[in-house]
Amino acid sequence: MSSQNPVFIPGPSNIPERLRRAIDVPTIDHRSDSFAELFRPLFAGVRKVMKSSDAEVIFFPATGTAGWEAAITNTLSPGDRVLAARHGMFSQRWIALCRRHGLDVQTIEAPWGAGCPVDAMGEALTRDVGHRIKAVLVTHNETATGVRSDVAEVRHALDAARHPALLFVDGVSSIASMDFRMNEWGVDLAVTGSQKGFMLPAGLAILGVSQKAVAAMDTATCPRCYLDLRDMLMANAKGGYPYTPPVNLLYGLGTSLEMLDEEGLENVFARHQRIAEGVRRAVAAWGLELCARSPDLYSDTVSAIVVPDGFDGTKIVTHAAEKYGTAFGVGLGEVAGKVFRIGHLGSLTDVMALAGLACAEMAMADLGLPVRLGSGVAAAQEHFSRTGPKALSQAA
Amino acid sequence: MSSQNPVFIPGPSNIPERLRRAIDVPTIDHRSDSFAELFRPLFAGVRKVMKSSDAEVIFFPATGTAGWEAAITNTLSPGDRVLAARHGMFSQRWIALCRRHGLDVQTIEAPWGAGCPVDAMGEALTRDVGHRIKAVLVTHNETATGVRSDVAEVRHALDAARHPALLFVDGVSSIASMDFRMNEWGVDLAVTGSQKGFMLPAGLAILGVSQKAVAAMDTATCPRCYLDLRDMLMANAKGGYPYTPPVNLLYGLGTSLEMLDEEGLENVFARHQRIAEGVRRAVAAWGLELCARSPDLYSDTVSAIVVPDGFDGTKIVTHAAEKYGTAFGVGLGEVAGKVFRIGHLGSLTDVMALAGLACAEMAMADLGLPVRLGSGVAAAQEHFSRTGPKALSQAA
Amino acid sequence: MSSQNPVFIPGPSNIPERLRRAIDVPTIDHRSDSFAELFRPLFAGVRKVMKSSDAEVIFFPATGTAGWEAAITNTLSPGDRVLAARHGMFSQRWIALCRRHGLDVQTIEAPWGAGCPVDAMGEALTRDVGHRIKAVLVTHNETATGVRSDVAEVRHALDAARHPALLFVDGVSSIASMDFRMNEWGVDLAVTGSQKGFMLPAGLAILGVSQKAVAAMDTATCPRCYLDLRDMLMANAKGGYPYTPPVNLLYGLGTSLEMLDEEGLENVFARHQRIAEGVRRAVAAWGLELCARSPDLYSDTVSAIVVPDGFDGTKIVTHAAEKYGTAFGVGLGEVAGKVFRIGHLGSLTDVMALAGLACAEMAMADLGLPVRLGSGVAAAQEHFSRTGPKALSQAA
Amino acid sequence: MSSQNPVFIPGPSNIPERLRRAIDVPTIDHRSDSFAELFRPLFAGVRKVMKSSDAEVIFFPATGTAGWEAAITNTLSPGDRVLAARHGMFSQRWIALCRRHGLDVQTIEAPWGAGCPVDAMGEALTRDVGHRIKAVLVTHNETATGVRSDVAEVRHALDAARHPALLFVDGVSSIASMDFRMNEWGVDLAVTGSQKGFMLPAGLAILGVSQKAVAAMDTATCPRCYLDLRDMLMANAKGGYPYTPPVNLLYGLGTSLEMLDEEGLENVFARHQRIAEGVRRAVAAWGLELCARSPDLYSDTVSAIVVPDGFDGTKIVTHAAEKYGTAFGVGLGEVAGKVFRIGHLGSLTDVMALAGLACAEMAMADLGLPVRLGSGVAAAQEHFSRTGPKALSQAA
């Protein structure tokens, strides 16, 4: 694997130079005023990215999985019912996690490649007249299938059923790359991580917590300690942490928020959309299809590409790594072997994306797939050229 | 706070140049062979540092607190009894954590400044003929008081009582800086972090788990998911992680282990001892005393220094930070205000230690304490000069 | 300009991660043993790259231009005659430099795009029966035109004429990327820099000096001081410098030599040749031609591509920088506007090269040149796929 | 040598974190607008530091020695007379350099430890009624002896003699650390480097050139090419360089200028003065004397300390390096063995300075010198405590 080629995995994303430098800091006393000064602006910065006016923002020294766990253990009690759809690896894992904590998960099955089945969820909510469902779990962007779900529609379903359940959203591979509207969608708990749209190494689980979710903490009896939101909120209020914080990543997050702000959040989303569309045109030019079943479901951060029947998609990933030193994502779970994935999130330029497409099509051609060299690249080039790409303005 | 002065907090410790560079890496695919190659040697490396021949070694993307939590949730069930002493902030917190998980903590109180009360523990174990106590918790090095406890004696007490309880040890501020003998002491679960003796930023909870503790996982019913050892062992066996690993810290750990090996573990311990002794001689020259009640309890990684009655020790820390840009540790919990702390662990040279002592005595003198300028420095210099200090051999 | 896209200028080349880290060092005393230890192995390392058994190797804190100047001022005297060909920007500049120092330059004109006119040189040498010509200047790789000259043939011409003149070679953009045989070709003074094949930032002028050239120093009367080879050789012999050395670049050079050695010098040359051939096939697919007039002249480090008559090649470079944040080289001197240049030297992977080709063809198409999108990329992909590219093995 | 201890050599100085990061940049096209944007503000920034309103500012990829050479070769012709004092290693070297270029150097001898002998210079200028002296050379801060000379007085001597000679000043170890007034003192050519007050690695020779000196270029016939100011001024005017510039150091210089500006130039000078005074008090407490003969000559960037007769001062430096991994400066030239030097320039805090003093006194005591441990440290502490030191405000 070359350290000079960009990675095309759906996270961790490529760390831009400015963030490389921002996290390369000597040891700083996390009980000092210097730390408090660095720490304080992060809350408002993340709220802006999540489009929330009043969420509590939390940074656990952990990953997105810990974020999911914190979401449920801090707000629910064993035996509580949650409603969730299973339509990809990450929605499936969240369900498993709930079960470990003794929650009663009402699961709606949907095909891998479909979005969150909002109609079925609506029906389930409507039928739940006793409001046994305490929380609804939605995976905004299924990283395994490259599928974006419609969180606003889930909110509409909740509202239509006049259901008081909390709405929890996994935004790990969407937040800071795709539009996310915590307030407008009435999201009660949003989970993300440092290593995707925020362009940092893994190591921060980032949560946005609505005041309604904060209130739910009082009655939640799931045991938790490291991931206890109350401890964290109390310590944060004094500018500190209940334990040693990951100072360098928090520094980096400050710079990441600056970069997002300088580019403009809507421009960041537009850039992701534009590059994703270039990738999708390349896929079409290769004669292949996405795992996502319809255009409204297409993710702007990752594309899962279906390989021909009988071909093992994992080979493309292994071959690209071995021969060309370039990383793509394998298929996971139900779609293992059936897809390979191109991550196109975070700090990416058109030129970097073209490098990935050129490599992917070489790898496929090497392995005998009927992909014409240059075809996908040309389709993406045509799109990038026409839609006025601009390079990221990250000065070194 | 100056970014050029070393820190003298009891962790995170100063990151040496070689580790600064080791963790400054671009994104690497954590599902690639490159990652697996980097990852694999870490297990044996940590076993060597812990002096264990067969422990399972685990790296959670988290901090030491998560390590404590993983220790108990993976091996115990709600209602299980654990035996613990409360004699400092960190032993106290571990007890609180156990209670959150519904454990029945049998607490032995001891003064802050004393070590783990082995006799009282022995008695408790002897009395526990029904073996209700499932685990004994020991804080090897109380970071709040600068006290080292005698883990070997606790093992003797367990053996003398023929008690089968698991022995869990918090080695967060000792492992890789002070001698730790997992095999010899019969430790079942040792917990540490990346940010102390391993000289890295915070972000890795590192566990050594005996085969007896591994066996205890089968019956443990405490709910856990992010910190589940079974998931981790299973994923690690395949060279991977159950979620996104903190790749750059794992890289850094590899280099940290190399550095410890190059210097020689016993030399590392001797260096810590020698520098700690220099600090202690300075404290004596200042006419002050350590919080640790007797020389056998003195920690080689942190010294908690008792300030004169009626004087608020926190002021020293604040003043040194504001006027001289240098970080020391405040007193915590019962000894808040009564002590201030000098951390002297990790990658430290004599010259760095003298800088800290010179700063501390200036700060004390500034605040009117009867400390003669140069007195502590001279006492430490005499010790360093005589005991043949050598600079760390970390080539840049 | 994006800091995330590779550059495709003919130097400075892209700095690999390992070298980025190697030069990121704190201040080291350049009069210490540590410095001497780092410094000493560099001489043999560079000799190996230059394929010399006995050259003195010199590192000036300067650039290649200073290397040219040191070459002549240390070995010649005002009024001395030198023989040189003018067939590109860099050969032209060297001639100008000689004239500034009062040398009598006998210039042979050759077209820009041609190589060093060996026949004409041979004739001039043969005619020079009085041996007034003291030195022959050859530009091994004309960076302005992408032309490699045949140094061995110049040596044959010298030998055929039994002419004792010194042979000076500008290897700035060839050494460490293309085969260079100081001993075999009888080169007396070879000049290069840190920022091309050695993959470092600019800042080191590197010279290989034959013992014959060393002997010439005794009689040379051109004034020099900063660039005096005698001062340098004397100081180097004691492990030091006559003034403050650029310690971090010398550290970096040590690592650069390690990297070249690990990959194997012949493999490095083969990689450059293979990637250069991919670029050339792309150029052919675009329907364009190289400035270099015949395949034997093709440079493996830079390709100067002739744009259609009436089109200003500089526009391609400006456009690629502005719209795609990617740097290519403009035409210089006589070929300004007539060519644009793709640098393909140093630490480059196939995937990076494809990114550059994809960008160049987008830029050309944007500007209305009759270049089909994907065509050049496909030609290079076909070549890379077939010739078994492997990623650089630079572990992060 | 430890990479964690600060260095106490009189340059290169310790590179602050912020500058470490500023120069750690990927390759940037030096012919791009990005480079021009970075480059342009540097001129005014350096003028401000030199206190000049209209000097041309030049950055050669070289060191201070090259700066001296550029000063004379660009403004003088072989045979021209220059007036210079020899009172230390660096003034001596400049004289030697002039002689290499055929200048007629009228040398005034002064003791090493004395300043520039202004009276004798005044007499020489007054006697030179034919104005054969074309330039007067002054070493503002003799790094070898720790002596500051009075440039203003030299200007007065020139004015008093109504002498039109150019005034050239070596400010390598003073500019950006000690007050330097190019306009007020009528300096025609000021020379410095990146590695002292500018806190960067070596690699930039920085010149301030008065319009009078610019005018002198037209007639100067000393041959020069790499260091030709005309080529440089012409290329700079277009935002570029006549050859490959050291882009990363120029980036760093931009940040260095920002740091100096943020702290405030007068505050930077005051900090140097205050820390230097602490060092001098330590020297007095050790019972030793400075090489500088009187307080008005004391340098604020380096102290040369005279060791007892018969003792070899070099041993202190060697011993401190070997036993304590800390770098000091040896004596040079006439004072080799007779002094050792403590550099205290650039980005230094009180705490760092105390570390150096503590180390130096340990080293002296180890070697049997009658220096009481802690004595020098205490004297400096007293001074630092009383004069209200503040840590450098360099946020990490």
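A few comments on the model shown:
All chains are identified by letter, namely A, B, C and D, in their written order; residue positions are counted from 1 within each chain.
Heads up, the rule we're going with is that a residue touches a chain if its C-beta (ideal position, glycine included) is under 8 Å from a C-beta of that chain, and two chains touch if they have at least 3 such contacts.
The model shown is predicted, which means the values in this text are computed figures rather than measured ones.
Subunit A and subunit B carry the same sequence, and matching their CA atoms takes a turn of 180 degrees, rounded to a multiple of 5.
Distance from the centre of subunit A peaks at D, each centre being the average of the chain's Cα atoms.
Centre-to-centre separation of subunit C and subunit D, using mean CA positions: 34 Å.
For the pair subunit A and subunit C, the distance between C-alpha centroids works out to 46 Å. The distance from the centre of subunit A to the centre of subunit D, with each centre set as the mean of the Cα atoms, comes to 53 Å. Under the contact definition stated at the top, the residues of subunit A that touch 2 or more other chains are 1, 3, 14, 17, 24-26, 28, 34, 395-396.
Those residues of subunit B that touch subunit D in the shared complex are 1-6, 14, 16-18, 323-326, 347-352, 354-356, 358-359, 361-362, 365-366, 372-375, 377-379, 381-382, 384-385, 388-392, 394-396. Residues of subunit B that touch subunit C in their complex: 17, 21, 24-26, 28, 34, 251, 395-396. Interface residues of subunit A facing subunit B in the complex, by the touch rule stated above, are 1, 3, 7, 9, 11-15, 20, 24-34, 61-66, 69, 78, 97, 100-102, 193, 195, 201-203, 222-228, 242-249, 321, 327, 329-330.
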